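In the part that follows, the structures are each spelled out as structure tokens.
What follows is a pair of complexes built around chain A, which joins chain B in one and chain C in the other.
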Partner chain A sequence: MAGSKMVSLRSARQHSIRIAAAVFLLPALLFLIVYVAYPIVESFITSTMAWNGMGRKRVFTGAENWINLAKDINFWRAFGNNVKIMFLSLVFQVPFAMALATFLDVTERRGAVFKVVWFIPYLISSVAIGVLFKYTLDANYGVIASISKLFGGGGVDLLGNPRIALYTVIGVVCWQYIPFYMVLYLAAYGTIPVELYEAASIDGATRSQYFWRVSLPLLRPTIVSGMTLSIIGSLKYFDLIFVMTGGGPGVSTELMATYMYKLSFVRYNMGYGATVASGMFILITLVALIVISTLNRKTEL
Partner chain B sequence: MKSNAAIYGKKKFSLFWVLAIVFAVVWLVIAGAPFVFQIFTSLKTQGEFITGGLFKIPDRLSFENYATVMQGGFYRYFVNSVIVLAVSLTLLLFISAFAAYPLSRMQFKLNRPIFGAIVATMSIPIHITLIPVFMMSIRMNVYDNVIAVIGPNVAFNLPMSIFILTAFMQGLSKEIEEAAEIDGCGKFAAFFKVIFPLSKSGLATLGIYNGVVIWNEFIFVMILTQSQKSRTLPLAIWEYQGQYSMNTPLIMALLVLSSLPVILLYVFGQDKLVKGMMAGAVKG
Partner chain C sequence: MSLKRILFLGLLTVMAAGLVFAAGGSQASGGSANSLEIWSIQTTGKGPGIFERAVARFTADNPTIKANLTMIVNDAYKQKIAVALASGQTPDAFLSWSGGPMYEYAKNGSIVDLTSYMNANNYKDKFLDAAIAQATYQGKIWGLPMQNVSVCTVFYNKELFAKYNIAVPTTIRELEAACDTLKKNGITPFSLANKTQWTGSMYFMFLATRRGGTQPFINAVDGSGTFLDPAFIYAGEKLQEWVNKGYFNTGFNGLDEDSGQARQILYRGEAAMHIMGSWFNSSALTESPEFAAKMGIFKFPRDEQGSGNPNTVIGTVGDNFYHVASSSKNQAKAFELISHLIDDNGIADALDDGRIPPVKGVKLSDPILAELFGQVQAAPDIQLWYDQSLSPEVADVHKVTSQEIFGGTLSPRAAAQQLQDAQAAYLKKK
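Moving on, here comes the complex of A and B:
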């Protein structure tokens, strides 16, 4: 009798925990279902329709949009631009951010002024940065053009030249995000136990040995998560580039997200816009899975 | 803060230090030059800017651009930004604390799958939700109303916030909560009287981190609103830029004004912001 009472008491307790958990989780799940899960399903449904967004008439067209997407040179070019940004961002962001963080860590408080100025680019909204650089890089009145004129040169059009616009944009992206990774690495430096410095110094480690053999291995998990963030973020870019170039000149800086936006909210081709968004979702999810599984496997070794 | 200054700092005036400082100064110029251009230009008149060129020092400082921006409805955008920030952030912090509590401190069957699903949401591009959320806001009659932006703001910042708070709450001691339960506290009383107050520092970190993100949010405001009465500061920049695109000094004044609040926040909440970033990237 006593035994069964114990069991029922425990199950009653389990039951009350389940109810409490459900109540606490409810608001969050509600928001995620309404604003994330349902829209994803709805977008995939819309991707099989011809629809201009006005009125309710949606015409089911089956796989037509998807076949068009597979053959859409503009979409794949945009994806290619995203991938270029992704690779070049990694190549520049990781070493520069690491160098800055190492400098700040080494100088401690003496480098505080540098830290404050270096970090500001990350705080400003992408829209403000996009507009700022549009003017900073202006072919006639911008900073670089003005310097060129000072030395007797002509105007310099870094954003208006289709062959170099993408690389200019990548430069601005790095300018904006390097501070983020810098602070990330700096925070990670703060977690390295001070005993390790002492031990290495007693063993006679030089500065470079210290960096490569002690700091870098310990910072690796942070570098990996920073890289993951950068890769996934690169495929989602929108604000900065939309404001700075609008995807142009031509389609030279078009991204998946700017292409999706224009299709849906400028040309009101919402059916195909939803297909592009869904394609983007699939590609990003695949890349995220690959990146997370490969990078995380390497760290564990 | 611990640092490896001890090992690097042994020799004071070596080649290493010369190179390091040159690098630091070069980077200071790269990071700061656009802002110098911004502030310097904002203090000129348009005529002076066009005829005198970029490097000409103005005869007198002109604050007319700032006055023009302020008169052009800047106030309305600012108030909207504050409303959106306040409501979104309050909801976000409460809801993520609610969710993190059972995920970090209760044993139930779906604990891990729910946590995993929430974390996985972090890599979802917002663009796939734009069309349905846009349609939804029209159906719910909140299109072109600041309220429309709050839902997406909360939803898309929830996963990371829950993730960080879950880790934070796992670090709180079990004993206090158990003591509260023995004293007759239910789960809800334990949450409001014990866990939530103990999470204050974690919530402050998250608040500053998310505050910057929400303050700068652009795309949802752009698609969910269309008139000045309901748009926020990033949209003010976007609209002025279309309207006064030839008046560079005016645009620069607008950029200075709209960035000030975030820079002030950073000056006061530097440590918290860094902590938030660190916590967020542990498993991005």
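Moving on, here comes the complex of A and C:
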């Protein structure tokens, strides 16, 4: 008898917990619907329209925008630029950030000043960095051009040369984001128990073995999440590049996001701009799913 | 958990949600009848003061109305107004540069037809005829010509020209000879910041217009001709030739006009010429009085093999046309507000700032402006900036392709083809 009463008490309790949970989740859910789900649905709807972004005149055109998108060389070129940024960001950011974090972990308190100095780039807003580098890289009076002139060279054109501009921009992106990953790895270092290093030292491990055999395997989950963030971030990049080059010269640094912006707000073609936005949404989701599933599988092995 | 507590939390949630929507709702309205919002882009030099005084004069006449002036930097403004129009949160009065975007606003009913206001008491006779013509679209006047007559011309450093014994060139061949002399002496002939794109377009427009006159452009726009016209191909080829000869400063495609990256080269005396709109006169006076003292202007030279009239001027007769938004709750007062910008005090202020207001009978004391106004009065016709005459979609293609011509990543013919395709697609859509 006593047992059955206990069960009904517990289920009553669970019932009230569920209600409370629903009540607490409701505001968050509302925000998600209003600010995330609704805009996504709305851009998919707009992507089937011819609309200049002003007024109420929207004409349904079905799949026309989507067919154009599939054939749009400029969009695929922009996607290619995004992929280049993604690839080079991974190649440079992960090892660099790892090296900095390792240095800070090894030096402990003695390196505290570097912890602050190296983190500064990440604290500056992207737009400010863009303006800053526009002057720093000025082909005639920028830092690099001035150094070149000092040694008898001429101006150095890093942002205006269509063959170089994208790589210059990637360099600045790395400069901005390496501190973020550095902090991420540094935090992960903090979770490695000291006992493991002690055990390794008893086993006679060398310094490099500390890193390769102890730290790296334990940092792996963090590296995976860092890479995932970097990949998704590279695909939706906008602000810094928009300020520095505006997607130019020509279309050499055009990204999916800058292209979308220009279509929607410069060319007054909001319908097609929404198609590009929706295309981006699909591509980024696909890439993210693939990356997350493959990288996670590797860590489990 | 008690029922009372659940009810309390539920109520809290509803209230929070209500707040969110209330905040969204109040922002969407276009102001009240007693307050007017006006946007301007005159952020440099004496510009802000001129606008603030005009608004103060309006407020003195209309003490019950609160007029709010917002100053926005040029390129940021273009973005902000596009977003404002798209979301229906337009200010009561704002500007455009006439041409393509203004036609879009008019077609959409975003701005008010000002014809009746302009005809009242023959108000429109105060303005230059060409300025009114430019504010007119489909027989109606949509904007009040407010700012300066702005045309582009060649600004040059007189001291450098004298030092190297260079006479003011009157033909393209003489201009090239001048460039070669400058180059030989380590001076960059032209300073250019072409990240901004419309800056390079000025060179393209001048070359094409001197070669073929204004007709090829008119024909290409209405579809009776094309952008593959020899005049446009020639302009592109000439530009690439000039780039290859080193007539422009290093890195021009990465430099930003709005940040003054080209003007700096000119002020330092490292470049001798600068093709720019007449507003440059006022920039030079405030930014580098030393340079302004050595500054002269000349007409873009005649093309010996061209059929274009060498007196044709490129630019606008009155840029910054102020519009009244159709969403404004007090359109008559909004019009009164913008007309205060160009009352007698406003005209005096503009002249004092080295600008040419688009009204009849002004006397110019600034020698450069007087010379420029002379160029305008001698002009048989005026070629409106390409990027303003074209629809926004095609204009962007023009700007990107002309930047690519400068960068050497696109041949003049391929650029012309892209532009033609864009224009053809636009005409088909219409």
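Here is the rule we go by: the second predicted complex is superposed on the first by the 286 of 301 C-alpha atoms of A that agree within 3 Å, B and C clash if a C-alpha of one lies under 4 Å from a C-alpha of the other, contacts with A are read in each partner's own complex, and residues count from 1 in each chain.
Methods note: contacts are C-beta pairs under 8 Å (C-beta built on N, C-alpha and C of every residue); 3 or more make two chains touch, one makes a residue touch a chain.
Source: prediction; values computed, not measured.
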{"item": "Touching partner for A:Ile120 - first (chain B), second (chain C), both, neither", "value": "first"}
{"item": "Of chain B and chain C, the chain that contacts the larger number of chain A residues", "value": "B"}
{"item": "Chain B versus chain C as contact partner of A:Val94, first or second or both or neither", "value": "neither"}
{"item": "Partner chain(s) touched by A:Leu295 [first = chain B, second = chain C, both, neither]", "value": "neither"}
{"item": "First (chain B), second (chain C), both or neither touched by A:Gly154", "value": "second"}
{"item": "Touched partner set for A:Gly246, first chain B, second chain C, both or neither", "value": "second"}
{"item": "First, second, both or neither for A:Leu218, with chain B first and chain C second", "value": "neither"}
{"item": "Touched partner set for A:Tyr210, first chain B, second chain C, both or neither", "value": "first"}
{"item": "Which superposed partner A:Glu108 touches (first chain B, second chain C, both, neither)", "value": "first"}
{"item": "Which of chain B and chain C A:Val83 touches, first, second, both or neither", "value": "neither"}
{"item": "Footprint overlap on chain A, where chain B in one structure and chain C in the other make contact", "value": "16-17, 20, 23-24, 27, 31, 34, 53, 131, 134-135, 138, 141, 264-265, 270"}
{"item": "Chain B residues touching chain A - in the complex, by the definition given at the top", "value": "1-9, 16, 20, 23-24, 27-28, 30-35, 37-38, 41, 49-50, 53-55, 94-96, 98-99, 101-103, 106-108, 111, 114, 118, 121, 123-136, 151-152, 154-156, 158-159, 162, 186-188, 191, 212, 215-216, 218-219, 223, 233-235, 237-238, 241, 248, 251-252, 255, 258-259, 262-263, 266-267, 273-275, 277-278, 281-284"}
{"item": "Chain C partner contacts - residues on chain A that touch it in the complex", "value": "16-17, 19-20, 23-24, 26-27, 30-31, 34, 52-55, 57, 131, 134-135, 137-141, 145, 154-162, 165, 245-246, 248-252, 262, 264-270"}
{"item": "Chain A-facing residues of chain C, complex", "value": "1, 6, 9-10, 13, 16-17, 20, 78-79, 82-83, 85-86, 101, 104-105, 108-110, 194-195, 197, 249-256, 259, 261, 264-265, 270, 392-393, 396, 400-401, 403-404, 406-407, 409-410"}
{"item": "Complex contact set, residues of chain A against chain B", "value": "14, 16-18, 20-21, 23-25, 27-29, 31-32, 34-36, 38-40, 42-43, 46, 53, 99-100, 103, 105-108, 111, 114, 116-121, 123-128, 131-136, 138, 141-143, 146, 149-150, 175, 179-180, 183-184, 186-190, 192-194, 197-198, 200-201, 205, 207, 210, 215, 221-222, 225-226, 228-229, 232, 235-236, 238-239, 243, 256-257, 260-261, 264-265, 270, 273-274, 277-278, 280-281, 284-285, 288"}
